[in-house]
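As written, the chains take the letters A, B, C and D, and residue 1 is the first residue of each chain.
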Amino acid sequence: MSITYLEAIREAQARALAEDPRVFIYGEDVGQFGGAFKATKNLAAEFPGRVKDAPISEDAIVGFAVGAAIEGMRPIVEMQFADFSTVAINQIVNQAGTLFWRTQTPCPIVVRMPCGGTSGSGPFHSQNMEAIYSHYPGLVVVTPATVEDAYSMLIEAVALNDPVIFCEHKLLYYHLKAEKLPTEALPIGKARIAREGRDMTIVTYSAMIHEALAAADELEPEGWRVEVVDLRSVKPLDTDTVMASVARTGRLLCVGESWPWGGVTAEVIARVTSEGFALLDAPPQRLNSKDTPVPYHPSLWAAHRPTGHSIAAAARRVLRQ
Amino acid sequence: MVQATLSREAAPSPASNVDTTVETFRFMLLARVLDEKMANLYRAGKIHGGVFLGRGQEALSASLGVSLRKGDVFAPLVRDTAGRLAFGEPILDCVRTYLGSVLGPMRGRDGNVHRGRPSAGILPMISHLGAMISVVNGALFAKRAAGVQDAVGATCLGDGGMSTGAFHEALNQAAVERLPLVLVVANNQYAYSTPNRHQFACTSLLDRARGYGVAGQAVDGTDLTACLNALRSAVVAARAGQGPQLVVASLLRLCGHGEHDDASYITPEIKKSAVGRDCIAVAEAQLLQADLATRPALAGLRAECVAAVEQAVATVQREPAPDPFAEQWQALSAAHLLDTTQES
Amino acid sequence: MVQATLSREAAPSPASNVDTTVETFRFMLLARVLDEKMANLYRAGKIHGGVFLGRGQEALSASLGVSLRKGDVFAPLVRDTAGRLAFGEPILDCVRTYLGSVLGPMRGRDGNVHRGRPSAGILPMISHLGAMISVVNGALFAKRAAGVQDAVGATCLGDGGMSTGAFHEALNQAAVERLPLVLVVANNQYAYSTPNRHQFACTSLLDRARGYGVAGQAVDGTDLTACLNALRSAVVAARAGQGPQLVVASLLRLCGHGEHDDASYITPEIKKSAVGRDCIAVAEAQLLQADLATRPALAGLRAECVAAVEQAVATVQREPAPDPFAEQWQALSAAHLLDTTQES
Amino acid sequence: MSITYLEAIREAQARALAEDPRVFIYGEDVGQFGGAFKATKNLAAEFPGRVKDAPISEDAIVGFAVGAAIEGMRPIVEMQFADFSTVAINQIVNQAGTLFWRTQTPCPIVVRMPCGGTSGSGPFHSQNMEAIYSHYPGLVVVTPATVEDAYSMLIEAVALNDPVIFCEHKLLYYHLKAEKLPTEALPIGKARIAREGRDMTIVTYSAMIHEALAAADELEPEGWRVEVVDLRSVKPLDTDTVMASVARTGRLLCVGESWPWGGVTAEVIARVTSEGFALLDAPPQRLNSKDTPVPYHPSLWAAHRPTGHSIAAAARRVLRQ
């Protein structure tokens, strides 16, 4: 038996629904249809009345979830694509993100955001919005890169008393597989060493983990042992694990799939250099997508985002300094 | 025990229309006095930030508040001092929030009209107009899911707020889910300085009800009796499972948008028109006419309100301000998930 | 010169209803054939990303396209191949965009239905439903400000798109500004998989017109004659200064949401009902009945469409794909304001 | 005669309206009323039909501006407060920000955003959103700190063919004064040395410039000469000027009024350390607001954002390393 990243997300929701009567799912086409990506397949039938189709009203969808959360429920919202959360952002950052601080009332909602580029999806079905949500206070932002994390972090996200932005990467949905669902897991807030190395550290998250691992493979025959850190959650960001890795390797490359200005890669570098400057033997570097909308054509798309090869090339520059 | 007389708990349950009318008027008057006190404190430089009054809208707002009951959900808007009091919000919550007392429900973190107590059914508004409606929807859905069949949710909006996308999405959502939502629109002719004609082009905002498939009523927002009838019937209908209820009231804001605004853009014609009547004066006349009150009794009531407000202000003025060093700078409930950097 | 026959420029100006009906049908058929070709290419794995058809909506869409004229603004939606062609969009623009040709209007940067040529009055949609309406409003305002009195702006929306806040804000804005906007709503019973009953609770989406103070018409979207009448009168009214016009058509999407979707959620009952009729078949019957065409002529027309589409596809398949190294990775027109870092 | 920051914004708009018939202003209460802050005072009367009151529909306001821009106009949009742009963000980032890249049609709109905290304004009337808009491609984001810049950058913003997010700081509106309007100015994209020094560099922007200058004053008697760099525009960010300053001083503190995760301060540090690592004699540091919504009460508000004193304290830590 094997299970995909997408199936893990479905299974996590099935388990949350089964174990906690306060959980429900709300979003466009999530009901009988099972969602645009089938992440809620069969759940409406298994849990009648608890997997609700919504009108195309992202603002109201999130507002509704906040209201239900105030009354003690634990809504999981599915955005059809992360990109469409721009029309829900006000409810996310100003309603959900401020509720606890303003009133001490917790706001346990999970907003699932199918993120990231896939070839042929273009500017409005490919975005990565983790930096936007991380900048605002009051939100937890997670970016699972593995089947196991997709499952365990979603379970944990539903159990948390705070709003969680769950960035699930569409490119991993079908291709990424695991043997089975995990029985134990690192908690949200802890990064993971995805591959050990001693010559340099690549810090990344979500689908870019797999590109970074490919880069590490590519560099191995050249004699380089590259450590890859999977952030898992980008807010909170596990500075300790990153710093410990950089302490071992002395070299840092941060990779992200989103745009270059600001974002996770800038944040990681700012932390490492301000808190662990002396650990670095070379200037830290970053690699992000290009500063344009995400292109439609496969050849442009492949050049827009970091890949195993471009990460390896950037890593070589870091290693040579 | 002035305070007690004025609080919701102590008021007799509205056994008759007569009782309710007087009770509602009491909340109108208390709100007017409380609002005026906040305006005075503002002018005296005692309040940081804006002060926003419900002057002219008390009949509508109080009528909503008295029509709701414990277990309902209420998300008041800027001009709902009266509705809040009638729903049971203590005077102290208002004063403490305006003055930033650390003992208030917002503990100095948020101010003026952005107060609430979710556990008591009062949702604290965010500023973005229209954004509270879907939150009320979600709360009502949760109540229904928990088996509570007869809770109502109410929230308020202005003529300007009706232009927001958030309003549209949320009212449609309430209609699709057939939730017991009462949406009270105070068409006070202006949104800040913007007159109705720059805000919408339909004949009446009530014309929108049909497009959502919800029930609608128009009401003269200056007329207490009319407001009470409209709001009570709307709440009853919502409670009876008849789906969302839209109530559109015509009235005039008898003050600036906030106390910083002299509202010189409000035309004399409109002030002199029917919507420009002061609902307090109208209600007083109604009470006198119906022998529900005497002039001395009304004067006594006002004195009682003034005393209650003064007492609350005196109390709060002795209360501590928030201490930034004692403050928990924490936007998440899970302390272990706080994101910390060296600087912080 | 098949291409010429089918292009807007070469078509006779619509002197009579008869000419227009035939002409409109031609665009319907061309759109159907073009859509089908794209679906075939998709199944053959030749298209990256989704393919979205207007199958079943051609009468409505083409009727809008032929009712507009040069100088108007048109922001088509997902299912508007017919309207685009009728408004003058070359077949090549469609094929090039789907195949990502660097010679297309989007040069491989954006795909499928996200194409347009602002300079030719075709605004390229962004995905977020409802977002184009206010853009059309702004374009119409600019035209009016420039002294152009008789330009119309049109855009399309689905039953699902009507639930967006963007729709509400924009239609209200058009009404307040009294802009010559024609908003065509294709109620095809579903938004992706979501049936009308989970989308809205009003009896008809047309009930919304009054709430904005705009004119409204309902039309049978499967009936070419009815669509032509409705759309032409709406465009004429808008052009004559009568403000925004809402047209709500009933029809059915005779395909999946996209070609990846088998639409198994569409019930047999609804397929068999009046909305489930294929507008092409209905139109053919109308043309034959009115002696506007013969069966052989219709077959000839189809063959002509097929040839035109095949030729366009053959052309585009020989065209270069975008070259990432030659690509200008530049989201600003001002090159000196590009933000550059070492990595880029 | 003296002119305030707010008056400069008004004058810039008056001049743009007078000199270019394609310019118009659109926003809530901007007409006869002259805007919530009076930034458009008298303009409706001076330029009939060109200063338009809008319904409370931020999404449609920005969409309208984009449409008008496509047809060759040069709209200036006023958000009543920057915070309310969350409900317009979709049109800003996905419509205005992608138009040129997708179609080669320029999108010359200016969105004026009254930003930043003032005491008593609370969580929803105090936000700084420059990081949000800078992360997305396709937008120019400017943050004038002086009366002169408020004027000249707004003039230039209207003349540019790209969308400009004009972050004007409410705290500067009335208090900040200049003798007269400038006749020449640095272009957008160039940073400015606001104060020369040799011991360390503080990089900041907008209202924080004045706090940084106060910190520099505070440190002067202690013998420290602090250089203050005013970024002026945060996207594009003038790395060269920053780097040249750090090359002179060897020490860097970045200060921002917005939240700590990501944002301008992280971006500046990431650039300096990746491109000018060797210039630094000490770890770069940053100082931002606290990671909560902006509080209402003056005593909390003052503790939430960096001030002259807290900047001076952070600077001392940098100087001592």
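Methods note: a residue touches a chain if its C-beta (ideal position, glycine included) is under 8 Å from a C-beta of that chain, and two chains touch if they have at least 3 such contacts.
Keep in mind the model is a prediction, meaning the values are calculated, not measured.
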item: Farthest chain relative to subunit D (centres taken as mean CA coordinates); value: C
item: Inter-centroid spacing, subunit C versus subunit A (mean Cα positions, whole Å); value: 36
item: Length of the line joining the C-alpha centres of subunit B and subunit C, rounded to whole Å; value: 45
item: Averaged-CA centre spacing for the pair subunit D and subunit C, given as whole angstrom; value: 40
item: Subunit C: positions in contact with at least two other chains; value: 106, 109-110, 114, 126-128, 163-166, 169, 172, 176, 198-200, 330-331, 338-339, 341-343
item: Contacts with two or more other chains, residues of subunit A listed in rising order; value: 54-55, 57, 59, 83, 86-87, 90, 94, 97-98, 101-102, 123-124, 137-138, 235, 237, 261, 274-275, 285-286, 291-293
item: Category of the chain touch graph - line, ring, star, complete, other; value: complete
item: Residue numbers on subunit D that touch subunit B, as the complex places them; value: 28-29, 31-33, 36, 53-57, 59, 81, 83-84, 86-87, 119-125, 260-261, 285-288, 290-293, 295-300, 302-304, 314
item: For the subunit A and subunit D complex, residues of the former touching the latter; value: 59, 83, 86-87, 89-90, 93-94, 97-98, 101-102, 123-124, 131-132, 134-138, 235, 237, 258-259, 261-267, 269-270, 273-275, 277-278, 280, 282-286, 291-293
item: Interface residues, subunit A side, partner subunit B - complex; value: 24, 49, 54-55, 57-73, 75, 87, 90-91, 94-95, 97-106, 137-138, 140, 160-162, 188-189, 235-237, 239, 271, 274-275
item: For the subunit B and subunit D complex, residues of the former touching the latter; value: 47-50, 100, 106, 108-112, 114, 126-129, 160-161, 163-166, 191-194, 198-200, 265, 321-325, 327, 329-331, 338-339, 341-344
item: Of subunit C, residues touching subunit D in the complex; value: 73, 105-106, 109-110, 114, 116-119, 123-124, 126-128, 131-143, 145-146, 165-166, 169-170, 172-173, 176, 330-334, 336-343
